[in-house]
Amino acid sequence: MPNSAHPNNPAKANPGNFFEDFRLGQEIRHATPRTVTAGDAALHIGLTGSRFALHSSDEFARTLGFERAPIDDLLVFNMVFGKTVPDVSLNAIANLGYANGRFGAPVYAGDTLSTRSTVIGLKENSSGDTGVVYVHSIGTNQRGAVVLDYVRWVMVRKRDRNTPPPEAVVPTLPARVSAAELAIPERLDLAAYDVGAAGSPHRWGDYQAGERIDHGDGMTIEESCHMIATRLYQNTARVHFNQHQEKGGRFGRRIVYGGHVISLARALSFNGLGNAFRVAAINGGRHVAPSFAGDTIYAWSEVKEKVALAERADVGALHLRTVATKDQPGAEFPDVGPEGKPHPAVVLDLDYWVLMPR
Amino acid sequence: MPNSAHPNNPAKANPGNFFEDFRLGQEIRHATPRTVTAGDAALHIGLTGSRFALHSSDEFARTLGFERAPIDDLLVFNMVFGKTVPDVSLNAIANLGYANGRFGAPVYAGDTLSTRSTVIGLKENSSGDTGVVYVHSIGTNQRGAVVLDYVRWVMVRKRDRNTPPPEAVVPTLPARVSAAELAIPERLDLAAYDVGAAGSPHRWGDYQAGERIDHGDGMTIEESCHMIATRLYQNTARVHFNQHQEKGGRFGRRIVYGGHVISLARALSFNGLGNAFRVAAINGGRHVAPSFAGDTIYAWSEVKEKVALAERADVGALHLRTVATKDQPGAEFPDVGPEGKPHPAVVLDLDYWVLMPR
Amino acid sequence: MPNSAHPNNPAKANPGNFFEDFRLGQEIRHATPRTVTAGDAALHIGLTGSRFALHSSDEFARTLGFERAPIDDLLVFNMVFGKTVPDVSLNAIANLGYANGRFGAPVYAGDTLSTRSTVIGLKENSSGDTGVVYVHSIGTNQRGAVVLDYVRWVMVRKRDRNTPPPEAVVPTLPARVSAAELAIPERLDLAAYDVGAAGSPHRWGDYQAGERIDHGDGMTIEESCHMIATRLYQNTARVHFNQHQEKGGRFGRRIVYGGHVISLARALSFNGLGNAFRVAAINGGRHVAPSFAGDTIYAWSEVKEKVALAERADVGALHLRTVATKDQPGAEFPDVGPEGKPHPAVVLDLDYWVLMPR
């Protein structure tokens, strides 16, 4: 039975795009501009327990040169990302990776975020029934200022395995954003940065490349919590919400949206990285394994690089890797093994830059 | 043991009204004026996943002539309704129906909503231990402007089955609000309506009477989600919250508040009705069967009428029926059958008007 | 394996303080100043179902002389308390009691709360592996005005049972805050107090010392609900969040944060104490037994004293005890027994002052 009873009317519900629907260079303007509010910020804290002072306190934010508390970077990421789902990944099997993600203008409650994307790569898989789509997505505020700019690639189903494959184009992506490209928020001045209020004595100078930090705490995921988060981002991927369908699916249950795991890992990282007040870039990220309700997420981090920033005596950058695990504390730093085989508990491997007071 | 240890003091806790406590023409001013905030709006999105652009974006709302994003119509409905529960339906067995619901002035964050009701019908049931109460409820903002006006009827327990029945009065209710009565928000102008931002290409002209739309997605209800929603509306009906009592009750578990199912059905309807930016009226609604945590709600809609509005070239009205089901996709349009017997999966049958850009 | 791979760098994650780390007179400035928002207020209603009109409506609040709806007193309590956890109770076994809690300046959305504490008592337990720490905590707004001031004592683990005990100092604490010390909000004027809007006809004069009130309703706790609440307060005590660890712990599951139970008890108390618009003081409180997800919380209250306030004809104070139980309705007033042995259903015994219109 067709979606519409009137054969002269097209089906009204969005079936999502299949691999064949994407074309290199295609520009997609995603729907649902979203005014981010203090309500969204409160829910993000309620769902993750994040404690970074910059996002918690207007007063603290003003001492650093912000108008007031900017919206948490990961909440911005998830809001910008969510808009792309109905167009890019409704028929996706897996979100394969991220690259070259750069945060731009701070977002404040009252700002309205929109996202547009360009298809920058396409490659059919050898199986013939799926392909990889690379999109460059740009999130902007109501003044057109870029708030986040990133590439992600996803494995998308073909509608028909007999459709001939497009010419394979795989974009060249930087292994990491260079420190010189990191956006320093306008008027940022850390002279008055108060480590006591922030909750950690450790400044940029206290970290060293190679250092590993076990963030200690664990956070158990409930179905309600990940669904509220994912709905808040207006992310419509069905696997997160529909137990009736998923009980017969690959895992027999709903899959937790990977962006919620990123938000949890960032929130957990407060304990050891409490002065990492700003996520400046996401160099890469891999959802190594799915997470489900009942899993307890732990995290540990490694300092990969420590970079001073040109003409800034007050702020430095750390290049971090944060690894999130499920039902496995971070104390022994479970990791991707020497042959690239990950420890079975690893669910997320996130590579990113943070800013810290010197 | 009485509620109060002092026999000369009346019991302080509200036992709710029983059928005998209602009188025809009785006016009830409900308690708890409520300032609706951006926090309520964020929670409503987090609990339903609603994506209508008008309620998501101040910028989008301004292009249509609104001050900023108005509060979701169903959030308004649930807030106005919630206030009536302690007086009308604390001892109700079933919420039987709605009629003649008309939305009025848009509600903005910061507005304070109040509700008052008039008893317009009473009829004891033949069993002798319950009766039906009809109330006309009016929700207003702090300036006294009507934001929602509707009739509902509920089956309420008698305190004592020996109380003689009142004269039966059943109000005459319209089968539907007439299109001419639909309130068009002041200063509404859809000339600049952006279907790309709204997320659906289908305008009023693309729908036809008789057309059916399967909304595709399914949303599983969790105990936390429906309880947070229902508490947010300050709806105090005990069956939604108290597992200790309900485990020995009719169903052995908590019942999901029907208004949460309405909100979910409306949110699901976005996929196929994305430009139905405003619910203008609720003609009728029936909670055909109860929903419980664990149920996955699906929805499909039927266009019953398509009406142009006087002197408006920019906006038209659709008279819709949205049917919500549990654990049954909408693809085959499960419905009330020819003898009026509903498909066992149907939980909600909602009849309403929406506004759409032409 | 140490927390940090660089032996010359201290561990970055906060291990929390042990009993030996506290010193009499020590002043602790707690981290994470927090701007309380309308989002926090909406979540607190969504998680507790609180219906007090003062906190629900800007309009109602203005009729009493407030700028607009102040933040719920228990939300303030939990926000102020949450900040103390990383420093005071991360290694606590039990939160033993509260005393001398006085609410001060009303808190409005947009205010930023901070907390500082002084250690006012220390006493090692005879077991030798734990001790009791007494802290006096002060919550202030961004102008330095005190919003809440209270003492709590907790049982904290020793790092090493061989550390010699400190000199035992147990502070003298008042059995209750005296009525003369209760802060009356500036410009408060109850001449226009509207009991109809508030939802209860019972004014201060209608209550009598010795009166007991069964609040009737029960609220079942879900894991998501208590975790969202506790994360919202940025309370980091691990027992509330980590099922992977707790499944091998004392109870085999996560423990509900006691402050959430207090918020629930206060919300339940609306039914019978609807005009108790302000919690003015917390005289004492005992978490008699832990609560867990699945428990249904009921509450009953006893009026201990009824006190007129100097030079105020419009407002009076009630000294209350509210007892919360699990899976046991309040109808028979389950209580601490004659030998001090509590009824097995009792989870909370809270002693406090409220203000009410005369």
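Letters are used for the chains, namely A, B and C, taken in the order the chains are written, and counting of residues starts over at 1 for each.
Please note the rule applied: contacts are C-beta pairs under 8 Å (C-beta built on N, C-alpha and C of every residue); 3 or more make two chains touch, one makes a residue touch a chain.
Owing to the predicted nature of the structure, the values given are computational and were not obtained by experimental measurement.
Engineer: For chain A versus chain B, which are copies of one sequence, does the interface use mostly the same residue numbers on each side, meaning over half shared, or is it different?
Structural biologist: Different; most numbers are used by only one of chain A and chain B.
Engineer: Can you give the rotation angle that fits chain A onto its twin chain C by Cα atoms, in degrees and rounded to the nearest 5?
Structural biologist: 120
Engineer: For chain A and chain B, let me know how many angstrom lie between their CA-based centres, rounded off.
Structural biologist: Chain centroid spacing, chain A to chain B, equals 35 Å.
Engineer: If you look at chain B, which of its residues touch at least two other chains?
Structural biologist: Residues 37-40, 42-43, 109, 222-225, 228 of chain B touch two or more partner chains.
Engineer: For the complex, which residues does chain C have touching chain A?
Structural biologist: 1, 3-6, 9-15, 29, 31-35, 37-40, 42-43, 86, 109-110, 112, 114, 142, 222-225, 227-232, 234, 236, 238, 241-245, 254
Engineer: Give every residue of chain B touching chain A within the complex, in rising order.
Structural biologist: On the chain B side, the touching residues are 37-43, 45-49, 51, 53, 56-60, 68-69, 109, 196-200, 202, 206-208, 210-220, 222-225, 228, 271-274, 294, 296, 327, 331-333.
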